[in-house]
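To start, the structure itself, in structure tokens.
Chains: A, B and C, in written order; residue numbering restarts at 1 for each.
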Amino acid sequence: MLTRPESATLPTNDTLTVYFAGRPIAARAGDSVAAALLAGGITVTRQTPVTGAARGPYCMMGACFDCLAVVDGRPSVQTCMTQVRDGMRIDRQDGARGLAIEP
Amino acid sequence: MTTQDTRTADLVIVGAGPAGVSAAIEARWHGLSVLLLDENAAPGGRIWQALEARGAKDEDDADALRILQAFRGCEADAHWGATVWAIDPDGTVYWSADGATRSVRGAFVLLATGTTERPLPIPGWTLPGVMTVGAAQIALKTAGLVPTGATWMAGQGPLLLLYAVQALRAGGRFAGVLDLSDRRAKWGALPHLPRAMRALTDLRKGLLWWNQIRRARVPWIRASDLHAQGEGALSRVRFRTGGRIRVEPADLLLLHDGVTPSVQITRALGLAHTWDAAQRSWKPTTDEWGASSLANLLVAGDGTGVGGALAATFAGRLAALGAACKLGRIDVATRDAAAAPLRAARARHLALRPLLDALYAPRPPMLDDTTLVCRCEEVTAGQIRAAATIGALGLNQLKAFTRCGMGPCQGRMCGATAAEVMAAARGVPVEQVEPYRTRFPTKPLTLGELAALNEDA
Amino acid sequence: MAQAEHASESFDVAVIGGGMVGTAIAYGCAARGARPALLDQGDLSLRAARANAGLIYSQGKGEGLPAYAAWTRRSISLWPAFAEVMASAASRPIGFRQRGVLAFCLGEEELEARRALLQRMHNQLGGPAAPVHLLDRHAVEAMLPDVRLGPRVVGATYSPEDCDVNALPLLRALNAGFLQAGGTHLLERTVARIIPRGDGFDIVSDRDTVHAAKVVVACGLGIPHLAPMVGLHAPVRPVRGQMIVTERLAPMLPIPGSGVRQIHEGVVQIGTTTEEGEIVPATTVADLARMAARAVQVIPALAEARIVRSWAGIRPMTPDGCPIYQQSPAHPGAFVAVCHSGVTLCAAHAGPLAEGILAGKLPDDVADLQPDRFDAHTT
């Protein structure tokens, strides 16, 4: 799996917290949501609307659309193209999304 | 169209990788107004991604950083987090940022959007825990993530070697590398060795990487018939090596089979494309100044054929020179004098290419019927073969018959494979299979954002 | 694969054009025991068949031409049984539903225009193709409990007997059924000439020459080039249609609307445009924006839906928008068939029209749908 080494040498080390299915995940400013999830051991962000198969980040560059998740109540967000924000809530997107924005 | 933003620019550049930033610097030098758009938060594209934040680790990085610094200082109007979703033939470029669309009309538009990874579809490749090598490299460069535990790499190509070296240097570990390249490719590559010697530095670099991986004792296994397996997520890899089947635990599998030019936008514009047999990809047809079949639409860098970062910088500069001359800012003599050394440098950096193309020649995939080709719509190789038997000759009729290519990725992940499967089913060369016709918007935007552009009452 | 590399055999019928019209006729002939060939170009031919909204739709059809209304009515009555045959030919669903179609009215002006149209159709000989009701907003809301309509929706016209289908799986089913019934695909052929012979016709393409006792010219915008060669006449002009398709959404629109339709996979199709004289199948931002704006006015919540793709197709349009069928007076056995509503009329084309072609006499239903209606000035 992909992990963040203790001896990380990135100059920015503002840690912040995002939540996946209510569970807190440590992240850093500048992480994509997908990277933060992977570092937190999460590889499944959605179930496809075609067969319900589990999917997660694959290309990390916005081309495959497998990393979609519900971010702060907003469905179909490409987590690899979205930067983390402190307190961000991420949930798995299961099947076809609904239309109304969840409060 | 939208009247809020009727701005114009001499040169609109899409993509801030090596070609894009070099073109910006060159164009600004000749007094052109430049507007540059990139989806990411900072310049660098893929190869120099987040370089400003990471800092230089070697001489190559230091050279690249100097170019990025020059770009920052050249006063191009740069927009980050900007996703281009449509381009009109008259040079109007539409992009989305923060949920709203803006537009600009360029006298010239330069596409410097690089490449996407060639898909390497194996049974189970859609399992969570299977990603591309490029994805892992992005995670390393932007978030400092390194592979640990039971991480396997599989495939072939320079990027696989480069990432292995970068990941090891950053403290990562690999359970092993599965070399899926064609063993006989070495012989096909030999004739290209003399020319490759012109790019001696690059050649030596590659050998250095190879040596570093060996010294780190990463198991390097010649393999075939790879399967990713697991229940709901990856938990093992299965492969054939030395005449027997091995099954090993795995929690991350990184696949790579080379890169191929991004043609989503060039196809949607209806530009002419040619088939590159050596790289087994389509690429837009361009002249020596990067002009496509639409004179005001330029393409430079890996998007015109994989050639590497340095070749891309020279291509970007040549495109800018061409535009500057057409706009009357420099005369032909000045243009040609400036271009000559750039062409020579570009040729030197491309000297290694035929060797690499032969060594890592993409192989026609051999998929069993149940392997997925279209990840979005979950269409299998078997379904593609069945469609060929009832009259689908190319990818557009295939799309109609099976929904293959109709998902959000618009065929980026499946087009190359679908064409190979269809070509094999029909018994024709793959370049005779009509590729997907793409149309704008080439990136998703919401109906609301699109509706906001409507000017009718 | 029943695809002939070199067509040396002779066929009962050669259908030129593998679109919605041609394939339906070819299928109908094969299903009736004939030996038909279906000639088609390559993957990227104009293919109006891929550019439609899949509605089996009667509203407004045949205004001023009662025969068209009647022909539409006949096709719709044949559709349910035809859909079952198609579904089994394809061994997969084709998404056929008979729940009616709603044509939303935004603003009072649209409502009045629809009301007037309904009145005219009602008063016409034979009446409308199918019953249509004018609904006020409350009635429409009651039919669509899972969506909130935009404030400008004042009502709709509703044709309860109309249907919708997934056009692309339908095309696939027609092809599969055609082959299963013994038809022969002759693909990657561009027909250059049709030569009448004593016992039939030679169809000369860039690959070979095919001989058939009868020939049906059903190649849409290619018709004006070929039809005169066998004494047929069918004026058509190109009209472009663009459409937007969203990501898959949870079910919310059980009844198709004429500009907003959710198919069973969950995607919502929005459109189409009708652009005269456009021959490049490209989308334009202005038109996409207009279609998006209308959709969002009908159902505001759609503003959040992401666009996954769009398409544009060039479709044939006849002078009065109504179909043209003809058997050549000079060369009996040569037929032309073209229409704008290939999906609605698909059942009729695969049924009575194919039967008539095989019998050498077009059905009486289409007697008034001949091209001579463009020459005479009838009142």
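Keep this in mind: a residue touches a chain if its C-beta (ideal position, glycine included) is under 8 Å from a C-beta of that chain, and two chains touch if they have at least 3 such contacts.
Since this is a predicted model, take the numbers as computed values, not measurements.
Central chain (C-alpha centroid nearest the global protein C-alpha centroid): B.
Compared on C-beta pairs in contact, A-B and A-C come out with A-B as the pair having more. With each centre defined as the average position of its C-alpha atoms, the distance from subunit B to subunit C rounds to 40 Å.
Mean C-alpha position of subunit A lies 23 Å from that of subunit B.
Note on chain placement: the centre of subunit A and the centre of subunit C lie 44 Å apart, centres being C-alpha means.
The multi-chain contact residues of subunit A, meaning those touching 2 or more other chains, are 50, 76.
Residue positions 247, 265, 302, 304-306 of subunit C are each in touch with at least two other chains.
Among the residues of subunit B, those touching two or more other chains are numbered 407-408, 444. For subunit A in complex with subunit C, the residues that touch the partner chain are 49-50, 74-76, 95-101. By the touch rule above, subunit B contacts subunit C in their complex via residues 1, 86, 88, 92, 94, 268, 270, 387-397, 400-403, 406-408, 410, 433-434, 437, 439-441, 444-448, 450-456.
On subunit B, the positions that touch subunit A within their shared complex are 39, 41, 46, 50, 53-55, 83, 116-117, 126-132, 134-136, 138-139, 142-151, 170-172, 232-234, 251-252, 375-378, 407-409, 412-413, 443-444. Those residues of subunit C that touch subunit A in the complex are listed here as 247-252, 265-266, 301-302, 304-306. By the touch criterion given at the top, residues 1-5, 7-12, 28, 30-32, 35-36, 38-39, 43-44, 48, 50-51, 53-66, 76, 80-81, 83 of subunit A touch subunit B in their complex.
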